[in-house]
Structures are given as C-alpha cells and as structure tokens.
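What follows is chain A paired twice: with chain B in the first complex and chain C in the second.
What follows is the complex of A and B.
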C-alpha cells in the first residue's frame, strides 16, 4: 500500500530536480551568451578606431588588424556609405582577401554559405563580380536567388539589368519586388537598358521596365511609354504601368494620349491610371477630360478623377468646385462612352 | 569650441559621423535615441545637430519639430541636418517642413556630410 506514494514522491523529486537542472542550464546559457555579447562589444569598441584610421588611409597592424571581426564591421558599414570612404573600405576588403574568399564560396554546397557569399559580394559592390552573381539568379534556392538579385543591385553595374529582368520570367523566377528594388538600386546608369526593355518580348519585363523608368522620372522614355498606353493590343496591366510611369515623368506631351484613354471609357483600371497620371502632370489641357471623367458610370473612376483634379492645382480645384455647384460648362460624357464603360 | 550633437540609433554610423566631424576640429556628442537627443540638445545647446529620422522612443522629425517649437529662441534656431535612409521626394518635403536645415540620404558620403556641416556653421567654426 505504501509503494504508490513512495514512487510518486520519487517521481516528484526527480521531476523537481530536472526542472532545477533545466533552469540552471538556461541560466548558464544566458550568462554564456551575455559574456559573449559583452566580449564582442568590447572587441568592436577596440576595433572602431582602427576602422576610422583605415578611412584616413593610415596603415593598421598588430593582433587587432588580424581580427576577422574587423572585416565584419567593414562589411556592416559598407551598405550605408558611398563616396571615397566606401571606396577605401572596398579596397581594404579586396586587399585582405575577403572578396576572394567569398568568390570561392559562391559554388559551395550549403545554400547558406552561397547566400552569405553573395551578400558579401553585394556589399563589396564590385562590378567585376556581376557575371558570377548573375549565375546565382538561377540558384535552386529562392533565398539565394533573391540575395543574388539584391547583390547585383548594390554593384551599380548596368550590365546586371539584363540578367535581373530575365530572372523575372526564368524557370526559377525571382520575385518582382526584389528585382524592382535591385534595378532601382543600380540607379540612373540602368536607364538605357530599361528603355530597351520596353521592347522586350515578355510583358512582365516590359511592365517592370515601365514602372522603374517612371520611378526614375526618365523623360527619354516618355515617347515609348505613350505609344504603349495608346496601343489597344497591349496587355491592360502593361498599359496601366505605362500610364502610371507617364504620370511620374510628368511630360505634358503625354496629356493627349492619357485624355483619350480616359475618354475611351472601356477599362476602369486603365482610366484610373490615366486620371492619376493627368493629376500628376498638372497640364491644363488635361482638365476637361478629368471633369468629363467625373460623370463616369464607374465610381472608382469618378473618385480618381476628383482626386486628380484636386492634385492638379488651383485650376483643377476650381473646376471641381464648379462641377459640384453645377456651374461648370464641360459637357457630360457622351452616351457612347457611358455605354462602353458599362 | 564649436559643438555638434549627433543623434543616431545606429552606433556604428553615429561613431563614424562623430569621427569625421571630429577631424574638422568640432566637439561632438553622440546620443542614440530621439528622446535622449532632445534632452542633450536642451542641456548642451549645440551649434548644430545631425539627426537620424527613424529612431526609437522619438523619431527625428518629432525631435526637429520640438526643437523648432522650443521656448529658447537660440535652441529653436539651431541648424538641424537630417541624415536618413528615407529618400523619396515626399520624405524630403516632410523633413524640411519639420524644420530641417539640410537633408542627407543614406547611403551617404561622410566627407560630403562633413562639408554640409561646415557650410551650415558660421565661417571659421571648423579647422581649415
């Protein structure tokens, strides 16, 4: 009869001992990590003046110069810098063999090693690694492909535009957001390639090119984008992207085409894109079309036209107020447009 | 000695900016969040403030607006240089609307930043 309480007591004691052991292990691990963090902070504090000396072109020596944490600190700093300080640190990484070691790791069997190497090369931002990084846009692991795209963006090398855009439609694609940010990172040197990409066979590539050209506000792309918006055979999403881009570019030469698209009243999404673009361009010649758009059977088109008139400045706001009060002389949409829009 | 307050939650960037400004012969104080930065500005009355935008506790725009609204007219006029990764046109407009004197976008050139600080300070404030 006493055997059961005795066994229970033993089990309870064993369990309590296990819990105590577990708590001690957790506390020990926390203490170990805290000591590790404190040691690294102290090392970083010791190495920071060395990094600054390097920026002043002063040679460094001693044990601290061999500390691998110095390379990590430089790599952390690089993405935040540009100009001569960045060039100095990039040269240092080359000199210390960091870049060569990363290049060797690009073909490593472990995906995390490939990804780390790609990121490092991106931070070093050397265009001489563009072909190697471009190859990794086809890596079997999606994270590595994304890291390669980001790294190519940081190189600032316009030769990366072609591979980046192709990665959008590859068998193992890179997501559009990542490609878009990478292409934007390359900056204005990308513009000639992006203008050429407006004529690419893939609509996805054309759409990306149109969007980024618009974000850059590239006036030289205005004509090609206007042609795309006006092309009824083009994919609607591409026409919308081109219209949005024209709005960002802000060239009044696009006004007539955008007005015609808004007036045609067949595709509400395209009409909204055209109206927003007209509001951004602020060309007085676009106001009539926007006022007509206020009578669209599509509620969202009407709302976008009202927003665009507001964004068009005092003249647009006056027209909107006049329309609201019934004193605007602009004719209502013709029945044909209203029917087509339905 | 001309005194500059650097407020940035990234200690690596703050140290680098302090280093570059120190090379100009400026006396530099570093703070790592907006609230501490505002308190330091009120206490130290720096000649110029380099201010990050995205920071814990109080962001750079809030600090900038608080400085411009300060009862002390001298502190309210202190030049503020915003140093931020927010690079869009509306961001710049918001920065200047909050009272920033100048705006530098990350990734940034520390030497360019030093030149902008020099330009914002009275002549003779920095070493030639």
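What follows is the complex of A and C.
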C-alpha cells in the first residue's frame, strides 16, 4: 500500500494546484465581466441616440457609427418593429454587410453560429433568404432546425409553407409546435397552401393544416374540414383537430356533422371536440345534441356539453336550466357536472 | 484470545473497510464532478443561443397552452404576497393561480383576502384526485387578477393541498410552486416553451432553484441576488448550484430526470390526473410524481420526455438554522427511501431506460446509502485508531486527497456560476460562495450525512410520514439606495 499514499499525495498536490488555478480564473473572470458590463452600458447609452437618428432617416457618422454593438442593438430592436421603421433598419443591416456575413455563417461548423445566423436572417425578414433557410430545416442539430423554422415564419413568405410542413415528417423532423408557430407567423398568405395540405398523404401534416386553418378562421376550409370530421376512416386525432377548427371557424354548415359525431358516442375525445365546436358555433340546431350529450356515460363529455350549452348564448343556458329543473323534454339524466358548470 | 490476536484478526478487515469507504467518497465526488462538467457544457452551449430561442413567438402564439399555477400554502404570511406578486406578473398569455390555504393558523388567508378582495364562489371541479382534508371554501379575486384561493383542512401533507388544487385547475398545463418562492417574470414562458415546441413528447419540465435568503427583492421580483450572512444558507447556495442546477442539467441530457423540484415544476394536467394526482402518503411527492409518470408512460409505450430548463430560476427560501435544515433533510431522505422502495422494480431495469439503469442506481448507492457508508467509515477509523492499527500519516494523506477532490468539485461549481451566469455582481458575494464551497466539505457534509441517516432510519422503521412546515422569514425588500455598485 506504500505506493498508494505517494500517488495520493501527488494527486492531492495536482488537485490543489487546479483549485488555485480555478480560483484565480474565477477572480479574473469576475473582474472582467464587471468591467465588460459597465463598458457595454456606457456604449449602449452612447449609441441609443444614433439608433433614434437612424429611425428618423438621418445619416450617422463618427467612430460610434462603426461600433459593432450598433448592429446588435438594431438586431434586438428589429423584431419589435413593423412597416417603414423595420424596412429602414433592414436596409441598414444590408448596407453594413451584417446580412451578408450572416449568410456566410450559415455553413459554419459550430451549431450555435449557424443558429444565430439563421435567427438574424429571420429578423431581416427577407423572402430572398427562404431557400437558404429552408435548407437548414434538415440541419443535423435540432436547435438549428427549430431556429430555421422560426426564421422562415418571420420572412412571411408563403413559399416557406411547403418546406415547413415537410419538415414535420422528415428524417430529421422539426417539432409540431415550432412548425405551427412558424406557419402562423406567415399569416393569411399561407391559407391556399394549407388548404391544399388538408389532402396531403401524411396525417401529421393534415392535422397541422387543420389546426392552423382553424386558428385563422378560414371559411373556405370549412367544407374539407367537415368531410374530414365525418370520415370514420380518418385518424381520430385528425378528426379532433378538424372538429376544433370547425368550431373556431364558426360556420353553421358544420353543425349537422358535429351533432352526428357527438351523438355517435364512440370516442370521448372526438365527442368533446365536437361539443366544444358546437358551443363556439352557437347554432340553435346544435342544442338538442348538446342536451343529449349531458347524459353521456363519460364525465368529461357531460361537462364539455354543459360548458358548450353555457357558451351557446341565452338559448343554450335556457336549455341547461330546463334540463336542470326537469322541464326539458329531451330525455337525459341530470349529472352533477351540468349543475356545477353553470 | 489475546488482544494481539484480536488486533491481528480484525486489522485486515478494518483496513479493507477504510480503503473501501475512501474509494467510495472519491468515486462519489468524481461522479458528481462528471455530472457538473457535463451540465456546465450544456449551460455554455445554451448561453450561446440566448436571444435565439423564440420566446416572443411562444408568447404571441395561439398554440401556447394556458397554465394553472398551483401553490400549496401553510402559515406563509411572511412571503405569500410577494409570491403572488411574482406569480401574477408573469409574462405569459393565459394563466391562473390557485393557492390552497392548507389550514393556516396565521394571517395567510386574511392578507390575500384583503389585497385581492377575495369573494366566495361555488367550486367547480375539473378532476377527482384523492383529497383527504375537507375543502371549506373557494374564493376568487375581485381585483381582476386570475387568482383562486381554496381554504381546506390540513392533514399535514403538501400532496393533499396540491391534489385539491389539481381538482380545480382548468388549464392543460399545471405548474407547481412553493408559497415561499419567487418566480422570475419569464419563468413560466421559458419552461412552457418545451411543451409548446414539442407538444407530443414533453410531459414534464422543471427549472432551477436558488436560495432567495438575503437577495434584494421588490414586490416579488429579485432585484439583486445576494447571499445571506448565514453560512448554512451560503453552503446551501453552493449545494443548490451543484445538485439542482448542474446535476439535473446532466440527468436531463441523459433522459434520466428523476426529480423535478416541487418548488418549480410543470406537468401536463391530463397525465397527472390520469395517474391519480400526487401520492398522498409520499414525503417526496415531487420526485414520486416524476417517477410515477415515467413508470406509467414507459410501461404503456407512450411519450415520456422530461425537460430541465436551467436558465429559468425560481428563488426560494431555504432553512437558516441547523434544526430546520435537519428536519428538511431527514424528510428528503425518508422520502427518497420510500420512493426507491416503492419503485424497486425499476432499479437497474433496462425497460425503464436511463432512469432505471443510471439514475435510480445512482440515487440508491450515492444518495440514500451514502450516509451509511460514511458512518461506517468514521467508525472504522475511530476503531482503527483505538486499536493502534491506523497509520496516521497515510490516513492524513488520504483524507487530504478526498478533501481536495471535494474542494475541486465545489470550486468548479462556483466557476460555472461565474463564467455562465455571473449573477453575483459583488466580489464579496463570490468570495463567500467560494469559501462556502470549501467549508461544505468540513463539518456541513458530515452533519448533513447524520440528518440523512436519521431519515433513512425513519424509513426503515416505517415511521408515519410527517410533513413538517418550515418557519418562514420572508424576503428582503430592497431599499431605493440598497443596490451598491458592483465591485
């Protein structure tokens, strides 16, 4: 065992040296960071009036105009601006070569450098970069793929819809939430492409299209969505998404289909989605189905039907009260949830 | 048998025990160092992405699910209003706060009623998880704040209060926080981001916890993190950095999150209801919920991703005295023993992935049994010395080596804090943190082991789980001129 204490002594000395080095590094870093923070605060205070001048369309010059921090401040500000202010700052970034440098960084080895470049191009919001950004939807690093999706959303370019939806089912997929937010960011120009996507071969893509069309309240999608809800061969999650979308769109033409789904009583999740949709549509023709739904064996379906009746306006609330007091002619039991939901 | 014969017989055994215990301590510290370094790498990578995570999009998106913040409160008059100020100032599109006043005997309810003009309403349950203490009344804020307060009879268990809150939660996500905790303004948004971006797979997420004792606050917002003058708190600050920040970052990377702290954790409500809410008998109900969800979802072959968001901080009050710290750590140890015993089939079971093969064995060997090994080691050294078979020189060298590894671990943790976050702006705070990290190995660690050992003993003797409330001191309010310049 004599060799062991000797080795331990050497190791202890090495560890102690490492501890001392770390302590010195921490002290040095602390001083450096404090100085850096103070300097940056002072620089920002100096540069802020220059940014205001830029927004007013006034030329800037002097040493401060060359400060790279000015580019960062403009980039921080860009997502909060719209219209001519945004155009002014985007043009400035182009002029100062910031956008070109970011484009070169798209192929950088470090994932975070690619990600930051992608974010910058997204903030620049130019459709010129759509193909480059779309390529990065297949990046090996998930964070870069997500950043590319977000950036494509910010470009507002409907040409990005196809690559974004494809990214949902790619070998290296982008998560549904990120794609959803990006597609929503593109806005109403995305609607024609989304309507077409309702007929896509992938259920995941169809589901995303249905959800976003519903959030946009697109009446032109109503027919296709109604067909999907009524299709017993469709995947249940897709039918739920379509039912929710119909509720958001609010067209009474969907009432009959939604009532049929609610009455069928086979899938509680789908029934709940149909009941919520009927509550949103507020069509008097849907009230009977909702009152019948109050007698569903599933507790959550009963509660959702009660909520939907409450949301259906005075007529719905009257039916709920009548069911409560036993004067409603529609045969259904009176669950406690219906009373509580009022 | 003569004394010499006895010494001759026992000497190899004691020597073997001494070396084994020393090896155990070194391996434990090296394992922690590995976790810390892995976690630090992730934090450095995350830092580079600052500003590119799309938080504004998450905030503005209609796809972002609403959150119910659930707060169990028992005798929390010292900090309840600060906690509510922080919770109700969240930058988040849609949320509600449900406080369960769990049989408070102080002015917890009166303070809330006065500030938020609480008015009684009819309870409208959305779930039926088990609640043993009777719900007395439900109140809603008359000030327009999305606040619901439930008064219930306490049965002395945090899980009971949380289940009462779950039964009234209306939103798809639930976020549990402690009543002595302050959530940062974007805390909810940063943690919910994981659910928004990956709604299919993510089922739970947690943020990091830091001690709020000594920090300067203003209406629930931490203006400047500072360290308490008490060394027990300072040492816990280092401990929280190591265990609640860096280790969990590493475990999450390995898809082996065993604990999402009860002080700040977010879950999908439907799944929590599906598993019956929180275990009413567990003393580690937060870890119990994570393990239950993992076990259930993995068994069913459903998505089970747990995420840790290290950049999100929830500031919480930690024990300031040894007595209170002892009670807390005994409870944690007893709760861990309960948890591992209840889920023993998962330990080492590859069916449960990295949780079964990595996290649970680690917690069993190093967290639960650690104090036993350390006690055996201490006894063995004492007996060896008494019998005259301890080579003091060798012992000193080996203890020095173990201390050096422990010190390196503590200093590395503080270095990561400084290089990545730089939260403590004053030099003296940083110096105190470093000193606390070094002192942790001498005294604190041994007393801590004693507390844990007693917790383990309580679990082995199957003592009735008792959730003891911690005395609160409240938060330090910042005076206008209190923010000293950084040095």
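Rule of thumb we're sticking to: the second predicted complex is superposed on the first by the 300 of 342 C-alpha atoms of A that agree within 3 Å, B and C clash if a C-alpha of one lies under 4 Å from a C-alpha of the other, contacts with A are read in each partner's own complex, and residues count from 1 in each chain.
What we mean here is this: contacts are C-beta pairs under 8 Å (C-beta built on N, C-alpha and C of every residue); 3 or more make two chains touch, one makes a residue touch a chain.
It should be emphasised that the depicted structure is a prediction, and the values quoted were computed from it without experimental measurement.
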Contacts of A:175 with chain B and chain C, given as first, second, both or neither: second
Touched partner set for A:119, first chain B, second chain C, both or neither: second
First, second, both or neither for A:143, with chain B first and chain C second: second
Touched partner set for A:282, first chain B, second chain C, both or neither: neither
First, second, both or neither for A:77, with chain B first and chain C second: first
Which superposed partner A:11 touches (first chain B, second chain C, both, neither): second
Contacts of A:256 with chain B and chain C, given as first, second, both or neither: neither
Partner contacting more residues of chain A (chain B vs chain C): C
Touched partner set for A:25, first chain B, second chain C, both or neither: second
Chain A positions touched by chain B in one structure and by chain C in the second: 76, 79
Residues on chain B engaged by chain A in the complex (per definition of touch): 10, 12-13, 15-16, 19, 23, 106-112
Interfacial residue positions of chain A with respect to chain C in the complex: 1, 4-5, 8-9, 11-12, 15-16, 18-19, 22-23, 25-27, 29-31, 33-34, 37-38, 76, 79, 112, 115-116, 118-119, 143, 146-147, 150, 153, 175-178, 180-182, 184-185, 211, 215, 303, 340-341
In the complex, chain C residues that touch chain A: 45, 48-49, 51-52, 54, 56-58, 61-63, 122-126, 195-201, 393-394, 397-398, 400-401, 404-405, 407-408, 411-412, 414-415, 418-419, 422, 425, 427, 430, 434, 486-487
For the chain A and chain B complex, residues of the former touching the latter: 48, 51-52, 55-56, 73, 76-77, 79-86
